[in-house]
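Presented sequentially are two complexes of subunit A, the first with subunit B as partner and the second with subunit C.
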Partner chain A sequence: MGLLFAMAILLLGAMAVLALSRPDRNVSWLGAGSVVIASVLGCVPVIQVLSGGSIEAVRVPWPVPYGEFFLVLDPLAAWFLFPTLLLSALSAIYGVGYLRVWQGRRSLGPVWFFYCVLVLGMMLVLLARNAVLFLFAWELMAVASFFLVTFEYEREAVREAGWIYFVATHLGTAFLLVFFLLTARETGSMDFTVWAEKGIQTRGLADILFLLAIVGFGTKAGFMPFHVWLPEAHPAAPSHVSALMSGVMIKTGIYGLLRSLTFLGLPPLWWGWLLIGIGLTSGVLGVLFALAQHDLKRLLAYHSVENIGIIALGIGVGLLGVSTGSPVLMVVGFGGGLLHVLNHALFKGLLFFGAGAVLQGTGTHEIDHLGGLLKRMPWTAATFLIGAVAISGLPPLNGFVSEFLIFLGAFQGGATLGAAGAVPLLALIAGLALIGGLAAACFTKAFGVVFLGEPRTEHASHTHETGWAMRLPMLLLAAGCALIGLFAPFVVGALQAVLENTTGLRREVVRVNLAAAAGPLALVVIGTVAFLLLLVALFLLRRGLLAGRRVEQGVTWGCGYVQPTARMQYTASSFVQPVTTLFRWLLGTHRRLQRPEGIMPANASLTTETPDLCHGNLYRPGFLKVNWGLSQLRRLQRGPVQLYVLYIAVTLIVLLAWKFR
Partner chain B sequence: MKPESFIPLLLALMLSPLLPGVINRTKALFAGRRGPPLLQIYFDLWKLLHKGAVYSRTTTWIFRAGPMLGLAAVLTAAMLVPLGNFPALIAFPADFLLFAGLLGLMRFFTVLAALDTGSSFEGMGASREVFFSALAEPALLVALATLARQAGSYSLSTLLGQVAGGHWLHLGPVLALVMIALMIVLLAENARIPVDDPNTHLELTMIHEVMVLDHGGPDFAFIVYGAALKLWLLAALVVGMVVPATGAPGLDLALVMGGMFAVAVVVGVVESVMARLRLAMVPQLLVGAGALAAAAFLLGLK
Partner chain C sequence: MNNTNIILVLVVLTNLKLLGSSRLGASIRVVAMQGVVLGLLPILAHTNELSVRFAVLAAGTIALKGIVFPWFLFRAVWEAEVTREVEPYVGYVTSLLAGVLILAVSFWMCERLPMPETLASSWLAPVAFFSIFAGLFLIVSRKRAVSQVLGFLVLENGVYAFGVGLAPHTSLLVEAGVLLDVFVAVFVMGITIFHINREFDHIETNRLNTLKD
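Coming up: the complex of A and B.
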């Protein structure tokens, strides 16, 4: 089995990197090489299973109570494994270039060790079919990514971010533990296959389990309001790790949710409502908070929340389809959500790579300090632009395809279902349209302020294009975004196996409904081809018209003002000012304004900052209360040994009394 | 693909610059002026296509590509929109999503081209454009979802015809609400009063006009033509809802063309009788349009 082999290579690579690591030795190629080889090996069985090959399983005894080393590669796992392996390999190649500046200053062994362990952990999470093994892999993934996030542990902000991530992920795991224990008690087994066969028959228990899964897996995925760790951890981590975490690691939460839905039996209508509600909250709030940010990586982190919201909308449409017995909605909804998982991995990986290149070139990810980078970093700019168009859900790239499927489901459901199904779908249509518009606003801001115009500070004017190790992964991901857009009907056809697996519909039903969705997409592609031909025609027309005419260079028209400076340009903060003003009540943007005073004003400044809604209003006060409560317990611990002996004696007497009661 | 499905595209390509002419003439009539010739936009385009160009040293290839990408997007969108009873060249379920997406693509690159100049005026216009269109987008799609539910069909070419073909009798209020919402979207998307004033060419209150301040020559011709096409296409959506099929192609065509120019006259009248809203009020108008469309949807649930 190729995947076992791949995991063995990852393990060997991790050990070798650690053993050979020294501050003056470059182990990057060894670490990245093992990840790339493992990914290539792993992709073979994954693609086989996705194209309808037989499901593979491995069962080995494991000397842990209730544990068993039980791995199954089914289409659902394969669908998530594909982007995981792809992005792991590309991030590894990128990481070689990205970490080069640390060479000689820091031993790179540990970072590559944890990188290999993270990839291994993600693979195990997706393959594990035993609850204990799953939790073990889940923990492996969490701990490895914690150490990767805190790579620059010298910085206070990074340690703080790592701590928030560590607490958040373990709180999520606590909910999962309860989820697994309750399910195991109900079914009498630790085996996912048994759980899926038996299903949870008790209605009330299934509801509770569903909510537990939403909180537990939603914390990893980044559903609002459990998203607080994302905007902290992603900016702190090295960029190739941010790309991997945001692109695929958070999707393990979505995978977990989809997997647990297979245990929970027939969903009632309100599950679909809840997921659409969560999707809309995460999507709209995610993009609004992203708009208000002027740290490039923080902005991208909030966009992960938004895109996870879009995926949740797709799953919500699918669940409504299950509840109302509509195979169209099931296929289109789950299909759109699953395709968005792949698409988001591609464009978010690409955008984080671009942000990393900017950070490395300029030394800052403060958007308002940048500008005019397109002239100095043409490759990074062009690929970032493709990612920006894709994430805004605009044709002809991949983001449009998955959002098209989700919209298609919403329109068909909205036109055919009764009020209980149609009203949430109407909210979905309005919300997804708003999300798309605001995402376009956010990425015109990000691209426009970072790459266009004039450099705003010294940071931006002395920069350089990245090396090939970082450029190649960006080019490949940009090509992926374009190819999925151009071959949309085929890509949708590739969902066949995974949809049969997820929805449990018959092969023929899935095929017919997928074909019904692929038909419009084929015409979308025709439209795309027409668009590209028109573009070429217009290009030739313009060139022909301008040939032989006077084409001059000048300065930007400043309405007659003769001494423009780069500081007069619109900034990221001023660009979004209309939005932040309208949603002031929600965003709570802090403004610190020092007005220009006197006839010859010397100093004036304006700083805006938008802290997270939940972090400041929900979690910080909550955790402070918990902290206060726990500190009360300190009264028990006063120091004298006699007191502790008394505690022991009292405990023993109480236990004795309870035993002989 | 039937031969008559080329008619909407050809008419849009040929006649769209006429609509701004009609609007301007209507406004002139209200103001008691003679106004520019009906064919003024054609003259402008002809003149612009014969000019050279001046580019700011700040700009990059984005600035030069913006007008081409924008026009290519709106030309593709023109293949998707039917005209009255004449189906569009490309029609498929949920084709309006591609239509909205292409308009979004056009906007994306117009905005980037504006930001490419590094001018604060154009930044200002770009900022407003993305914000207002983000609010107009839900109104457009919810309106179309309402129509799709009433018509039981998901393609512009069939759903508009079916709505116009008889639903007005028993669904009058629903369709009227949708039409008002679409009309507001039309005014906002084409930067007309009450959202933007196309006449204030150098004031700070502009949205679309200020974004294209630095373009000139053939590039600006592409922009002007693209804007006229966009107005035509959104007007075609509104007209398609109203004008029923008679069965006689000649009469159909006359009715539809009458409808298109009627929309232009309405836009002209709106611009003559009211002032532009304060910018802070525009979001309320657009959210209001979305609310009207949603109300129409709920009213039509039965």
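Coming up: the complex of A and C.
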């Protein structure tokens, strides 16, 4: 019921901001206010269901053919709704501050309208149990986010990014349409509950449906190689929208995949292997491409691909568990994947907020134009650092917890599945470790170049800390990251309801397996807390030793030079050069180098650019071919009206003749 | 042979005459005559249930197709056309032969199509089809814009004949709607022809190709 109220408030809020179309500062508060109220209202039933409350359902007739307004709040939907509602509310508050610069220059009514519609669409996607309603909500979400991405439509690059997103998301929906039609034909119903009860019994059809779901939902989620829209759309969108899209909207793809797995019956072994393969590809390539980027938001977008890969790894391990009937793998695999959904929403939202604060303060998201922001934006820097540590999967924070569960699953599986299963799972362990290491390297670069050192350009030197509307959401998310990390053993227990619902295991089995996973986590947490206490002790000791002495502050990277310059610092590309050179065959980085010549070299320069692998080699040529094929049809367009009427006449006659066959 | 069939024969003859005639003025007059003849069709086809409804329909049809449209088209010819010839892509004799062929095909086809029982005459469907195809043929094979309007009218006459033959089943509203559509279409075409002529000093569609895209 609370969720219905929440949706009604969102709808009212959307209408209200549209009615107040004058460039008015109240619009932001009205839009954000309705989202926050809706989120608070919606969170109540979500938390009830997650803590083991009864499942709620609403059924209302809907005059669309085959449609029914059928909503169910079960633990799986609730698990995805929680981060959605949380991040929607925080992004809305952040957006009030972020959009303030546009006040007076642009009517903000449409932005808030589409923001409310996007949140509404995501809620409906997660709750809908009727195929037509689901697709309707899916499109609502896609269209609303398209309009949000193209907020700065005056810029050519933004428009192009918008189109790439639009085309990609609709190609994905096309696969989903086939998926739903085939399932509906097989089961004779449009009801998800009926689909889940009957299940697809034909083996071949189930395989085809699984592949369709991988492509359809994977396009939204950002599986490699369907990820092309992410690195385009996230940098183009306003930062609070990037945070929402990257943090929770792409997770609806993961949700859709998990939901469709409930229709497809018992999975064969290769489904799990396929997901693990996709997860490794997305994870490793995602982080590698992130490493090579110079644009802060583009870098974060590639990290979304990486984290979706990690989630896919978790689900893959879980599916292996289902196929082999191993409750440990199911609980730990699905648990790790699902927990990473929540964790990624928290730290990726936080990081995009940080990137937005940097963008608003400096006017650029070119990493190489920044530097030294730690002194100028201490709050943003501190919270960004927490997000960076979390996304790298380092122990005191939440990213570690979910990756740890997946590691645990892989080790368990390696021990129980025998030699054939052990080798791919060892690859998973190695891959996940590589992803973690490269992510740490990437965020050392991002944090180091942006926040440490000295300002590289004017952009970075004249900047200021953000206002409270933007600072508060960042602080809350950072606190969330730390709390989940520090209370990991208890947080893992919160997966109880959703895992029972997803795996169909008995309550006791889930509890025992979760407790088994919580044990080692508790040790890690105790260890990290001890480490943190040691740090505090060392800090106090240092302060004690320095007390009463003169402490001098020098220029960062001063290094004893008489006249240091900001250009002597590491740049983003020089920092990651060892890694990018190692993977040059894969990254295809374009380098333009003008070597310094002579004893007193005057001009020298190095530019590197890493375009997307799939975008340049797969999609661009493919779409050009399609375009060429379609342009052949223009031969039909000659000009004379008579000819066009002749086409019509011939078509009619052919249709008649076909009737007489 | 009853009244309906006489009218249908007249429709066939006017169509053939149209395919073979070379003068624009004559063509307009023939289409006007076809319109008047078709206007009588509802009254003659449904003699046993003569009503105000059919009378109104007949009067409207005759007024529009017999008087208003020809007047429009004559005006367009006087104001826009330099020569008064049809200027075909396909010659007159060939057009006539094609017309006969189309007639044969229409009859053959309607033998095999499932038809409603209540048609006023067994000839109605083939003649309607013949009119539709002849209209399409006129549009495709003539250069002049006015000829194409005429072809469109003939095509519409075919649809109308079929509709009236089924009158007890279709409502007056539908027929009135069709008439209104055609009226608007001819009106727009007339204005367009006039404007194209003013802009380009001619209305030969084969010389308007450069406007494509």
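Everything that follows uses one rule, which is that the second predicted complex is superposed on the first by the 639 of 661 C-alpha atoms of A that agree within 3 Å, B and C clash if a C-alpha of one lies under 4 Å from a C-alpha of the other, contacts with A are read in each partner's own complex, and residues count from 1 in each chain.
Simple rule for what comes next: contacts are C-beta pairs under 8 Å (C-beta built on N, C-alpha and C of every residue); 3 or more make two chains touch, one makes a residue touch a chain.
Computed from a prediction, not measured in an experiment: that's the story for all the values here.
J.: Evaluate whether subunit B and subunit C can sit on subunit A together after superposition, giving fit or clash.
T.: By the criteria stated at the top, subunit C and subunit B fit after superposition, with no clash.
J.: Looking at subunit A, does subunit C or subunit B touch more of its residues?
T.: If we count touched residues of subunit A for both partners, the winner is B.
J.: Please work out whether A:V423 is in contact with subunit B alone, subunit C alone, both, or neither, and reply first, second, both or neither.
T.: first
J.: Return first, second, both or neither, reflecting whether A:L656 touches subunit B, subunit C, both chains, or no partner chain.
T.: second
J.: Mind working out whether A:V641 is in touch with subunit B, subunit C, both or neither, as first, second, both or neither?
T.: The answer is second: A:V641 touches subunit C but not subunit B.
J.: In the superposed arrangement, does A:S34 touch subunit B (first), subunit C (second), both or neither?
T.: neither
J.: Regarding the shared-chain residue A:Q496, is it in contact with subunit B (first), subunit C (second), both, or neither?
T.: neither
J.: Once both structures are overlaid on their shared chain, how near does any Cα of subunit B get to a Cα of subunit C? Whole angstrom is fine.
T.: Once the two complexes are overlaid, subunit B and subunit C approach no closer than 57 Å between C-alpha atoms.
J.: Give me the intersection of subunit A's contacts with subunit B and its contacts with subunit C, in residue numbers.
T.: No residue of subunit A touches both subunit B and subunit C.
J.: Can you list the subunit C residues touching subunit A in their complex?
T.: Those in contact with subunit A are residues 89, 109, 112, 133, 136-137, 139-143, 148, 205-206, 208-213.
J.: What part of subunit B is in contact with subunit A in the complex they form?
T.: 49, 51-60, 62, 68-69, 71-73, 75-76, 79-80, 90-95, 97-98, 100-102, 104-105, 107-108, 111-112, 115-124, 126-128, 130-131, 133-138, 140-142, 145, 148-149, 152, 154, 202, 213-214, 217-219, 222, 279-280, 283, 290, 294, 297-298, 301
J.: Hey, which residues of subunit A end up touching subunit C in the complex?
T.: Interface residues on the subunit A side: 637-643, 645-646, 648-649, 652, 656, 660.
J.: Touching subunit B in the complex: which residues of subunit A?
T.: Touching subunit B from subunit A are residues 371-372, 374-375, 385, 389, 392-395, 400, 404, 407-408, 410-412, 414-415, 419, 422-423, 426, 429-431, 433-434, 436-438, 440-441, 443-445, 447-449, 452-454, 519-520, 523-524, 526-527, 530-532, 534-535, 538-539, 541-542, 545-546, 549-559, 564, 566, 568-570, 574-579, 581-582.
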